[in-house]
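There are two complexes below, and they share subunit A, which is joined by subunit B in the first and by subunit C in the second.
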Partner chain A sequence: MSDQPVIEISGVVKTFGRKRVLDGETFAVQAGQTFAFLGRNGAGKTTTIRMLLGLIKPDSGTVRVLGLDPQKQPLEVRRRVGYVAEDQAMFGWMRVSQIISFIAPFYPKWDHGWARQLSERFELPLSTKVKHLSKGQGVRLALLLALAHRPELVILDDPTLGLDPIMRKEFLRDLVTYLQGERVTVFFSSHLLYEVEPVADAVAILDHGQVLRQDSTENLRAQIKRLIVPATAEAAVRELPGILDIARCGRQVAVVVSDAAPAVAALEHEGIAVQEIDLNLDEIFEAYVIGRKEPANAGPPLERVA
Partner chain B sequence: MQGLLWKEWHEQRWKLAFGSLMLAAFAFVGLRARVIADDSLLRYVCGIAVLLLPLLSSTALVAAERSDGTLGSLLALPVQAWRVLVAKTVMGVALCAGPIVLTAMVSFAVSGGREMPAGAMAGMFARTLLAALSLFFWMFALSVRLPNETRAALVAVGVLVGWLIVSLGLYSAGARGTEPSLLWVTNPFFLFFMGRDGQSSVLAIAICMQAIIALALWLWAVRQFAKPQEGRS
Partner chain C sequence: MFIRLETSSGMPIARQIADQVRTHCASGSLCPGDRLPSVRQLAKELAVNQNTVLRVYERLTAEGLLERRHGDGTYVADRLPPGRLKAQRALLEQDARRLAKRATDLNIDADEVHKLLDEVFDKLSREKAPAQTR
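Then we have the complex of A and B:
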């Protein structure tokens, strides 16, 4: 595959009525990546996905999927993309075998052998009606339907919503086994950060229709850190670039910065003792989305920091 | 297209069977009992068909699937929206036509030529079918964006009541359907109520006009159907 991104979104704006859902959204997904698209409910994740599939037209900006414009070639895009929707509704009256037979003709590259293998691996009862499947089986069936035409890109829109933790882990295990193993590009939208953290190569954080940051998971973890400094150094801390969250508690100030290395160097240059705390994806997301730029005396409890 | 038709058939076949059996059974029992004249009884049967069949079929096709959430899954497949709508339209026409055709066959078998000439009976069922189809396209097009069956049913009732008011208004104003006024020839009930009194040339104009309107409504429905719903972000 060429170096062209599999998904390329640039300056996309979309409004529904008076509500601006996407506001200059820009990001790119490279081939073979498992890309986590993070945002709170209402951040614009589903709207973005519907645009990728050509189901919604952007007001402005450009959207390219596999080098195609989903507005002009929606069918070609959908033929090459596997899609698992959030809480996907399927035809309950069909049996599992019937829904596979119903969906297959829409995809010229449908691989019946692969579909059969997946149904065995996912332990799907072919003669059972879809409405009688458990939630977990339903998600696995949706995954089978999304994968059996051997898509180049798989889009997962909060696919594990409503599953219990064990089922979520099983689903992610299947995902890792069958998608990353095949080097399929995965676009994984979720608000459950602990679920995407183990599988994501790259992350985009979406808030109020804008991508606040896109980077590899490694870079995010390496660069975004919480720094603990004495409260006497608050003035110096407030001068740091890239502050995402700041909280004062007692005689300490905790600050989350988007690039820790220069911030630490600057503080040490001032002779300020700094303690660096690594953050997980959940905390990084929280700092970007609900982080406060101003110190608060009654700030968040520091046990989070410790 | 074959798969879409198969899906619609599986989803609607029991409704089709139920509608056909109920209407045909009503005609059969009524014609056998001979409590009222065949002409009157068949007018009741056809009236029920015109009022209920378009309403039931138009609400069952798109709005029901939208409220189930399966329409979103269907439209996310690599298939043109108009193909989905063609399959639904074919099934809708079958839901309207099936019970009327079966009832006509039963009526001919039980009482063909007994009190009512066969030609008049055939004409009555043909006009019933055309009026039902005309109403179906109105209801189908106007409900294609609605999120659930209840709202679709309300719109369908609105279409029925609206055209009935127009018909009664024209009737009370003295029009008899023999003059090709625009409101008559575009009125689905003209085919049912007035067609039997009207001149065949006016009836032919009405059929042509309503076929054109049905096509225009269907094309408009395709445009509406393909538009995304404004939903969650």
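Then we have the complex of A and C:
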């Protein structure tokens, strides 16, 4: 395999009417990675995914999928990519076995044996009509259809949306077993951050059409910290580079920084006592997306939001 | 080998897994020669990235706690003579650090903490709880 990224998005702008949905979006996904694409509703996740599949055209910037331009070679891209849409519309009147044999001929590389194996492992009822499947079975069927042609890249648009907690975990297990286990590159969007983290190699945080940060989950955790210092040190704290969020709480100032080690060193160099607090992915996301660069006088520190 | 992850915790997943494997080895619920689940199996069970599990196994192998037998999976190392005590100490030290930090935050000095610990040990032995690990 080459070192060329499987997905490469660079300076992409897309407007719908007066709304700038993507605003210079840039990120890259390496081969074999499981990459989580995080953003609030309306951040531009689905627009990005539709662009990767060649369904919409960027106003400017470049989009490459498996080295191809989805605008110029949409069929080639879709042949080599597996896709599960946010709300997969399928032919409800078909039986599971019918939809499998209906989809198969579209893909030259369809692997009938693998499709059969997946349908067994997913315990899909082949003679049931699609509209009578449970939500969880529906997602598994969509996953089967996306995987059976042995794609090099699988794109999942919020695949766990609407699943109950048990099915969500089952889905993540499927992902770990049948995608990571088969060395497929996975790009999936989600807003369930702490569920995503254990399975992702890397994440990108998208907000208002821009990627605010792309990094491995491990780096995010290691570098982004909340520092608590006495309120008397506020002036020094405000000099720190990479402040994501700052809040005054009584006699203390709490600040979230994008790279803790140099910040702590700088503060300690000035003789300021620093308390360092690890953050989970929810808190990191929140600091990036709704962090305040100017301290509000409000009381308690940030609370987790769903 | 029972492992429980707290996905909302501030502690990275890899460290949670590594710590719990160390604890199992230290407490004796994993013994030398025991076979660990494969990377694939454990990743599936915990719904965790296979690379994360792989990295944990590699790290613990480098520490001498585990042994990877080629083509035959991962085992608890046959001999962990200096390791075991050291691993137990290292685990306890983490908790001790947390306790010491907490005490400092609360303005409680070391003497007071030592006294408190004695009291707690006392209470525990009086309760005579059957010495089972969880």
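Here is the rule we go by: the second predicted complex is superposed on the first by the 298 of 306 C-alpha atoms of A that agree within 3 Å, B and C clash if a C-alpha of one lies under 4 Å from a C-alpha of the other, contacts with A are read in each partner's own complex, and residues count from 1 in each chain.
One rule holds for everything that comes next: a contact is a pair of C-beta atoms (placed from the backbone, for glycine too) under 8 Å apart; a residue touches a chain by one contact, two chains touch by 3 or more.
Please read all numbers here as calculations on a predicted model, not as lab measurements.
S.K.: Determine, under the contact definition given at the top, whether A:His208 touches first (subunit B), second (subunit C), both, or neither.
M.R.: neither
S.K.: Using the touch definition from the top, say if A:Glu195 reaches subunit B (first), subunit C (second), both or neither.
M.R.: In the superposition, A:Glu195 touches subunit C alone.
S.K.: Classify the contacts of A:Lys169 with the two partner chains as first (subunit B alone), second (subunit C alone), both, or neither.
M.R.: It touches subunit C, and subunit B stays clear.
S.K.: Tell me which partner A:Val21 touches in the superposition: subunit B (first), subunit C (second), both or neither.
M.R.: Touch status of A:Val21: first partner only.
S.K.: After superposing on the shared chain, does subunit C or subunit B touch more subunit A residues?
M.R.: Counting residues of subunit A touched by each partner, the higher count goes to B.
S.K.: Report for A:Gln180: first if it touches subunit B alone, second if subunit C alone, otherwise both or neither.
M.R.: A:Gln180: touches subunit C, not subunit B.
S.K.: Now for A:Thr46: first (subunit B), second (subunit C), both, or neither, which partner does it touch?
M.R.: first
S.K.: Does the superposition put A:Arg150 against subunit B (first), subunit C (second), both, or neither?
M.R.: After superposing on A, A:Arg150 lies clear of both subunit B and subunit C.
S.K.: Touching subunit C in the complex: which residues of subunit A?
M.R.: 34, 169, 172-173, 176-177, 180-181, 194-195, 197-201, 217-218, 221-222, 275, 277-280, 282-283, 304
S.K.: Give the list of subunit B residues in touch with subunit A in this complex.
M.R.: 2-3, 6-7, 10-11, 68-70, 72-73, 75-80, 228, 230-233
S.K.: Mind pulling up the subunit C residues that touch subunit A in the complex?
M.R.: Per the stated touch rule, the residues are 5, 7-14, 40, 43-52, 105.
S.K.: Show which residues of subunit A lie in contact with subunit B when the two form their complex.
M.R.: These residues of subunit A touch subunit B: 16-17, 19, 21, 41-47, 50, 53, 55-57, 74-76, 78-79, 83, 85, 87-94, 102-103, 105-107, 209.
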